[in-house]
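For clarity, chains are labelled A, B, C and D in written order, and residue numbers in each chain start from 1.
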Amino acid sequence: MRLAFNTWVYSSFPIWVPSYPLDETIRRLARIGYDAIEIGAAAPHAYPDYLDAAARAEIRSLLADNGIAVSSMLPAPGGGPGFNVASPLEAERRNAVDQYKKVATLCSDLGGEILLYVAGWQVFGTQQEQAWDWCRAALREVAHHAAGLGVTVAVEPTSADSNLVESCDGALRMMRETEAPNVKVMFDTYHCLYRNEVPTDYVYAMGADLAHVHLADINRGAPGDGRVDYAGLVAALRDVGYDGYLAMEIGFDRRAVEPDNIARRAYDYMKPLVTGVGR
Amino acid sequence: MRLAFNTWVYSSFPIWVPSYPLDETIRRLARIGYDAIEIGAAAPHAYPDYLDAAARAEIRSLLADNGIAVSSMLPAPGGGPGFNVASPLEAERRNAVDQYKKVATLCSDLGGEILLYVAGWQVFGTQQEQAWDWCRAALREVAHHAAGLGVTVAVEPTSADSNLVESCDGALRMMRETEAPNVKVMFDTYHCLYRNEVPTDYVYAMGADLAHVHLADINRGAPGDGRVDYAGLVAALRDVGYDGYLAMEIGFDRRAVEPDNIARRAYDYMKPLVTGVGR
Amino acid sequence: MRLAFNTWVYSSFPIWVPSYPLDETIRRLARIGYDAIEIGAAAPHAYPDYLDAAARAEIRSLLADNGIAVSSMLPAPGGGPGFNVASPLEAERRNAVDQYKKVATLCSDLGGEILLYVAGWQVFGTQQEQAWDWCRAALREVAHHAAGLGVTVAVEPTSADSNLVESCDGALRMMRETEAPNVKVMFDTYHCLYRNEVPTDYVYAMGADLAHVHLADINRGAPGDGRVDYAGLVAALRDVGYDGYLAMEIGFDRRAVEPDNIARRAYDYMKPLVTGVGR
Amino acid sequence: MRLAFNTWVYSSFPIWVPSYPLDETIRRLARIGYDAIEIGAAAPHAYPDYLDAAARAEIRSLLADNGIAVSSMLPAPGGGPGFNVASPLEAERRNAVDQYKKVATLCSDLGGEILLYVAGWQVFGTQQEQAWDWCRAALREVAHHAAGLGVTVAVEPTSADSNLVESCDGALRMMRETEAPNVKVMFDTYHCLYRNEVPTDYVYAMGADLAHVHLADINRGAPGDGRVDYAGLVAALRDVGYDGYLAMEIGFDRRAVEPDNIARRAYDYMKPLVTGVGR
């Protein structure tokens, strides 16, 4: 298992400041020791429309120079354009699918192989079955595009933020109904906590279909500063043979944060656990 | 003075849920009694690219049917596209200006005459003077476009969220340097509180240049549930002859909220103050 | 709309003390002014196996003498026998269905017409689809039995306590799939709060299928002592033409409670709202 | 002294979820290192009516395969059937005695030799002397049945939950009055804390009659995470020659818990204390 760090806390999403350019962020995370960076597709880092071929080549070169990989990418839902794949507005659903495709391509251009899929949310007045169908149709289209790039799409249950794919079983059901071989599932310990559920239950239920893991504790704090049992979680991940990334998605929900600090605390706490002889 | 309500808490920005369609939101705010609605340019309500001429005509008709006006509009900064007018990325600055123009046009199409201007924020590595210049250049271009529509642009100091135009004087300086007659200023009691400043100081300093007012109390709570002195504020506004809107921008920073409740509480508290014999 | 009070806080479930006999509880609630009592099927009040025909006749007579009706009944899940309709143990599922039937019969014997259906929960290792199927099969059998008694079965989403029927849409889907005319839905404001959702959203979505309502605020506190907007809720219930009960299900999760006090506070707060001229 | 772990936190009592099947629970506790398991007689683990001879043989075989013993069993009071041995309802008292007998038999079938006796509670309107008499009569009948199985009945003062046998002396008096050689006493550090009493006082007072010990700290937290002096407690237990089990009864009063985590923390903290050279 390798450690990655999600860039939200260094970006302008969802909180505008503090904000660092992508090159600065790459250098800092590599220096702390991370194996990889999970890049959110938000300004000023990686909104696809803002990055032409030259800019992408430059980022890739910078990643190589710093010895750090791209573990994964994800869009930034909820801003002006929404990107809600289950929106009642057809124009928004269309744009959301396009954005996911653009992020998949950008991910591939930067050497990443995992695209996270936030399954949208129900707006008042939309039947759940209808929202589910829109979400699944969008996922199929995104997955087809991603397959051509060798990118796996990982469905994430986001109970703390949304109301459609909220649970372990919800993500698994969405995955199965999509019937696409490059669609898998993932989970985030923060969302497990929101549901008062046990992270290892997700590990055993997702098993071989588990393609990615997000770590965050209560209040989006760093592992070690909350109440999740990371030793037990790593043991369970070994039980099911997981060899992907553990990506910290922390600290981004507040302005009063020192990104390097939270990144370093998380790394220092998790590194011994994933390299422990107890494996 | 008339009362308006900002739509964020009914939309998917910045928190995804709860979320209501725009027609539902218009009907509910009109039923509570608001004179006007301040529409945020975010999905699923009013992202300009998602609304063609027919959709705009339909909204305008719905507003008329419900006897409620559009007081103002504003973009939703901070999501994927950023819309930071002071971004170090030229592509983002370009896109931000375009978005402001689109929102100005949409505002006009819906009968509104005020466009709020969030003056961007400094990303690490950008000199403040440079950020300021980019912000001013963008404002000039936006103001020129808005002037053709009869729309006034109100610069808002947003100290709680940003780091560029943070104060009463910052907003006034930005306004003056722009040298455009349709650029004015506004303030939000919430940002005053963040700086531990006195809202009526803003009223007297901004005086005849005050084009719009946002009301919100600590934690973006409703007027009456916090610590701002609204009676004093209304008296000061009368002193300077303000006859614009008081727009509640509240409750949108959390998921645990009943939008109708916060809208009704704010209305019930403010309505007697603005219609009081004390004028 | 009439006001009812749920008996848990006066019983030995789930907290053993304080505990009052049923006759004492009936007299106290009638004296406070409640129109009806919602009787939980737990000792020492109304575990069906403990009440023969004579005891049932005596209770019915006592209810009549005190001028108070039975609004509804519900089983007490989670103790020794579990009564989890989605249990992996066939013996437990069988026993759960039997218990629901017994409670339906007891409800009818006491003059009640609503049986609440707690839809069970997933035990580790059970697939959600499997749990759902078991739950639905049990509901069909219970509903068939209840139909013969003129009893309506109301499916309650219990997000705070369970993990199967958690949401408004989940309850509606379970209702529809059962295809039984006497199966309806209900909601509890406490569970809405647990999901950070808006109670009136449940009212409008459930509409004509809404057969019962539970009121409780954060920490199972009385209406008026928390944050739910009851004025808005009553208005929404009138919008959809609801004329059933509002049953307080409060205070039962702690030992440090005075049942009469919490019952009186809730009544005094809600009574003016439901009799208000604003209807 | 050997370490055991009580299954409530893995079961559906009193909180419904998380919930694990008994086989999973046995395997997990054995893996952590526990010598024994204390099995609560609640679904889905071990409600006697749900376990036929074949199921009991299977559990016994699984225990042997995992090298873990059954330290003890106890009923789950407070749900629908109550199982209050001091209930004013004769039918409930009768059923409670039957349930205790069934649990004693099941305990014996699984190789356990200790049955915990929760001495019931007073319902409003019952005189304490009357409740005491009912409790003692029930205990005599249960003890007689248990004697035939070689099972010891340990009376537990449960001050935090009940109002009848609340103290060290209350338990000893109940034991003596029963005049049955297989009736002994036990205590739980959590109930000592509730009374602001000193656990070692219980050890010295109960002395040779001490048949079982429950460990739990404030808020039913794991030993080591609260304020009980476990080193002193172990020393006192050695003073009186105690060679029974220390059973953790923790974490079961909340939904937000990782059972493995709390079980591992408790084990890791207590194991060195009970194997320490200080003996």
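Observations on the model:
Note that a residue touches a chain if its C-beta (ideal position, glycine included) is under 8 Å from a C-beta of that chain, and two chains touch if they have at least 3 such contacts.
In this text, all values refer to a predicted model and were calculated from it rather than measured experimentally.
The pairing of chain A with chain D is characterised as different-residue: of all residue numbers used at this interface, under half are used by both copies. Each chain gets one centre point, the mean of its Cα atoms, and the points for chain B and chain D are 62 Å apart. Taking each chain's centre as the average of its CA atoms, chain B and chain C sit 44 Å apart. With centres set at the average Cα position, the gap from chain A to chain B is 32 Å.
Residues of chain A in contact with at least two other chains: 122, 124, 163, 197, 201. Taken together, the touching pairs give a contact graph of some other shape, not a line, ring, star or complete one.
The complete set of chain-chain contacts reads A-B, A-C, A-D, B-C, C-D. By the touch criterion stated above, chain C contacts chain A in their complex at residues 122, 124, 127-129, 163, 166-167, 169-170, 172-173, 195, 197, 201, 204.
Put simply, chain C touches chain D in their complex at residues 12-21, 24, 41-44, 47, 49-50, 75-84, 87-89, 91-92, 95, 99, 121-125, 160-163, 255.
Taken together, the chain A residues at the contact with chain D in this complex read 193, 196-201, 228-229, 231-232. Touching chain C in their complex are the following residues of chain B: 17-18, 255-261, 264.
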